[in-house]
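In the part that follows, the structures are each spelled out as structure tokens.
Here come two complexes built around chain A, the first alongside chain B, the second alongside chain C.
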Partner chain A sequence: MNTKTIAQANTVSLQGLKKWVLIGIALAFLGLFIVIPLIAVFSEALKKGIELYFAALTEPDALSAIKLTLITAAIAVPVNTVFGVIAAYAIAKFSFRGKNILVTLIDIPFAVSPVIAGLVFVLLFGSQGLLGPFLEANDIKIVFAVPGIILATLFVTFPFVARELIPIMQEQGTDEEQAGRILGANGWQMFFRITLPNIKWGLLYGVILCNARAMGEFGAVSVVSGHIRGMTNTIPLHVEILYNEYNFTAAFAVASLLAILALFTLVLKSVVEWKSRKE
Partner chain B sequence: MKKKLLILFSALLLVWVAGCSNQEASTEGSNDKEGEKAEDPKEIELLNVSYDPTRELYEEYNKSFAEYWEKEKGQKVTINQSHGGSGTQSRSVIDGLDADVVTLALAYDIDAIAETGKIAKDWQTRLENNSSPYTSTIVFLVRKGNPKEIKDWDDLVKKGVSVITPNPKTSGGARWNYLAAWGYALQQNNNDEEKAKEFVASLFKNVPVLDSGARGATTTFVEREIGDVLLAWENEAFLALNELGEDEFEIVIPSVSILAEPPVTIVDSAVEKNGTEEVAKAYLEYLYTDVGQEIAAKNYYRPRSEEIAKKYADQFPEINLFTIDEVFGGWTIAQKTHFADGGVFDQIYQP
Partner chain C sequence: MGITIENVSKSFGEYLAIKDVQLEIPSGDFIALLGPSGSGKTTLLRMIAGLESLDSGKIHFNGVDYSNKPVKERKVGFVFQHYALFKHMTIFENIAFGLKVRPFKIRPSKQEIKERVYDLLKFVQLEHLAERYPSQLSGGQKQRIALARALAVEPEVLLLDEPFGALDAKVRQELRHWLREIHEKLNITTIFVTHDQEEALEMADTIVVMNQGQIEQIGSPDQVYHHPVNAFVYRFLGRVNEFCDSDNEISYIRPHEIALKKSAQGNSVPAKVLHVHSVGSLVRIQLNRLDTNALFEAEINTEKYQEIGPLKKGDLLYASFSNLVVFGNEQKEPLTAIL
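Let's turn to the complex of A and B:
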């Protein structure tokens, strides 16, 4: 009897030990790879005082980078939201030939390196590219100008919304829509009263991730930007430029904007997850 | 609750879309303004596409030129800058980056643009001194006290010496580095090309990372503290010394190095289209004036003007310099033999 309880107590404490060791490892890992770098960004940014921090953020080139990033996200996110919903709807609710090809195509931006994504646009729209001569004859600038940056961002952020929605929509099936149809709902009513309420948290989640990536994208944008100061630099590119000019404090100050965006995204994401679980 | 959230969400989406169309409207608006600007003789914009280490030079120079131009012509000029590895920048201009002037690290990168017809083939004769208003050379930057005792090119191929240089495929500075090492080896071995190839191959065995541009290589060496010696533009080495502390680095002058001539020219097709020919030409000619030469010297580029050179004589140590024409027969040949796909560099460098 006595020995039994001792043995039980032993296994419990052993399990407790195991639990804490695992938690400890996870926390140490997170601290080393996420928390410390995050703290480093802010401490470097504020190293020379809060005034210099704000000076770095309000300097004209920084403001223009922030503006360009906001414009890019303001176009890329809604466009990809609409396309994402349409694509996910088509894939989840209908069966048709070549569906798997469509799913694979949606995944391409995840699969290829962003640098390649950028190069594709240069090869298409650059002077030596397929459409280059036509664009130049009509004085339309795409690469090395704002449209190219928006296109590249659209490309790399395309899968976020669709990928988030496809499994949710597939899981829900078409039963509710069919019921709605029998009760006389038209297509729009069906979408806004049945489909959209069902996917809203997944959609919001996809939009948040899409936005974070749109603002933080470096590789693809770097290829098509041309790096003209104050004109075609987004926040990530501006950080690189400042860093390369030995302007480390300013570089980290601007980088801290992206870090704040990341933290904000995480908070939003947990709120969305919590809300959707509650329902 | 559910409904409320739905409404909230739709509202958010609407605001977003509205914001988006607003943005578009406002960018269109600003485009219109730019259109007006071009017609208005009061204001003009220039884009100078340059290589990595000239950031500080052109920041100072652009201000000086804008003042000069306004005084001279009563016209406001804004000069936009783009910097990167010289080869990368050349590629961007070929692909359509709308540069009015290019100020690159070496003649070949401008030749490559000229190949596409955007620049006249005889561009290098349009300005004095092969269109290179300033020169530079390649020196070594080592850590304080020179712990590995690096004195000359020979020391770079020793075991355990880690050398930082950017990638010759994308960086102009790196190509000068490479050719300087090659030229040194030729001198040491009675012009034996095979020996030179061996020497440069063993040098590149000591290179742990290849950054794409000179500035990237400098930050690798200086900030990330990788490597024992940085092969750098003289101006880049001085800048690192001044920006980041003389107590941390030293400049080592090798026994012999290469005379680097970074050339400048206008991009004919762009200035014609943008109506910037006059100001672009003046912009480059101003580099040859005493003011321009002095700004170059202050930023550690060796001035062409003898007068200014004399003034800054103690800043620039005397180095035994050879030119690319003497040793390699010019950039076109050097580029083809060494840096083209399948060239010597591809044969000796396997990452």
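Let's turn to the complex of A and C:
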């Protein structure tokens, strides 16, 4: 073997070494911060047996928290899906003055701390708030009640669908819609037969992320909820209460629901990505 | 369907895209809107389709004012530059789209739609592609499907935006003949936009030469090529040499109109060969006039070249410019990018 091939062999093995060091670091990091905590959640939850695990989940306060979380997501996700599609359509397919401002506004929930978002609703609808006297006079409860939780969730999850769709729609342009128009399609036909099929995977992806956030949101909801057990607790808030009461097994049991949701979301997301790549 | 365009103008913000255009298109005509990019040709086509609104003026279809009618009432077929086929639909569904979206009362039955689509597929000779998706087709196939889709709704006008722009030279040539044949078969008023003068000359019955939002000349290919009304049309329709004399007057001549001889004759001008290159059956020769030092290009066929050639750099020839064209009162423009 001459010196040149030895040098080559050395660079090759050095490259290989680099590769494995980098992969190792990434894996170690993932293990430390994601996999171990995930295992911890489930092992803590099941530590005292499966009966206690299910007891913690079926206890009335837990059931009420699950129900409220589902209701919140069932309202916030469809509403934000519709508004997200409308906003993305407007931004991607039309040119108008103030478009950039609209794009920036859509991003605000990403930029603002969720706690501030919750606080805004308290300041707006709370009894000391701007609309407080009016709401009290008409006996409408928003803050520290279910409507407040839904509003806060709507605010926090607004950008997901729109953000996902804007680049997809911009890339697709308006050619196909124009072709549809010339062939005689009306607005609804154009949307449901041309626009929607073209964005379906992106839309589904946005909806999945939106749903994950709607169910998992803590900060904004915590501020407007008032933490009334069995009334205004969502799953994340219920976990916190249980934890603060040193009821670790129950806390982890309920938390495992969110962990399962996260895993489910990841699987769904991969499926959607795989499907959309295939097309 | 005959189309009359009356004093139509259109601007995008500050930019005047169409300036007071008048155009009469007789029924059944095959017409080319020819011009450089930014000349307003595509805008004009889109206005006829109803995809752009008019700022002023009127567009009549068969004498009826259609200026403000919505797109779907216009009975136009439109073929987009990049085809705009529906990506998520099969070829069959693409062609059937225009029939399927019709209101229930005038929608053909499923069976009728199927028959019509297969008739069209047969017409464009792509029956075997019915179940494919657009991404599985070649450019030429997409173009033909785009045309079939436009024809499905039985339009009275066919509008094509740079129909062959995205295709390679050979396919383009085939499709030109094919589109010509289709026009002859269907005899529907057809308007296509192109920046390629050869395409316009080869295909159209009438050429509308546009520049900076205005029409420079309307005429048959013969008229616009042999009797251009101004320097722009002359320069745009073919290769051209420009000579500027001492009074700053510019005269023009096409390379193939210059006669080259080995010996002086009449008022011929001595010129030195700079470069020779053959393009298929033609030979293009770059020369340098010895009297004015101006550069020019001559074009001769290979037979003629064998008579006077072979030529090499530095050879002396005598050129006669018998057909010099002069246009009155025009702005002087630089000679760049014409040859």
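What to note about this one:
The criterion applied here is as follows: the second predicted complex is superposed on the first by the 272 of 279 C-alpha atoms of A that agree within 3 Å, B and C clash if a C-alpha of one lies under 4 Å from a C-alpha of the other, contacts with A are read in each partner's own complex, and residues count from 1 in each chain.
Heads up, the rule we're going with is that a residue touches a chain if its C-beta (ideal position, glycine included) is under 8 Å from a C-beta of that chain, and two chains touch if they have at least 3 such contacts.
All of these numbers come straight from a predicted model, not from anything done at the bench.
Look at A:Asn198: by the touch rule set out above, it reaches chain C but stays clear of chain B. Using the contact criterion defined above for the overlaid structures, shared-chain residue A:Val77 touches chain B, although it does not reach chain C.
When the two structures are aligned on the shared chain, A:Gly226 is found in touch with chain B, with no touch to chain C.
By the document's definition of touching, of the two partners only chain C reaches A:Ala179; chain B does not.
Once the two complexes are overlaid on the shared chain, A:Lys141 sits against chain B while remaining clear of chain C.
By the touch criterion defined above, A:Gln128 lies against chain B but remains apart from chain C after alignment on the C-alpha atoms of chain A. In the superposition on chain A, contact of A:Ser95 is made with neither chain B nor chain C.
The partner that reaches more residues of chain A, of the two candidates chain B and chain C, is B. Looking at the shared chain after the overlay, A:Gln189 reaches chain C, while chain B stays out of its contact range.
By the touch criterion defined above, A:Asn244 reaches chain B but does not reach chain C. Note: residues 197, 279 of chain A belong to the chain B contact set and to the chain C contact set alike, using the contact criterion stated above. On the side of chain A, the complex with chain C involves touching residues 175-176, 178-186, 189, 193-194, 197-198, 279. Only residues 70-71, 74-75, 77-78, 81, 122, 125-129, 132, 136, 139, 141, 143-144, 146, 196-197, 200, 203-204, 226-231, 241, 243-246, 248, 275, 279 of chain A touch chain B when the two sit together in their complex.
Chain B makes touch with chain A in their complex at residues 2, 5-6, 9, 13, 16-17, 19-20, 23-24, 27, 47, 49, 52, 55-56, 80-84, 92, 94-98, 116, 118, 215-216, 219, 223, 239, 243-244, 273. Taken together, the chain C residues at the contact with chain A in this complex read 49-51, 71-72, 76-78, 80, 82, 84-89, 97-98, 101-102, 149-150, 152-153.
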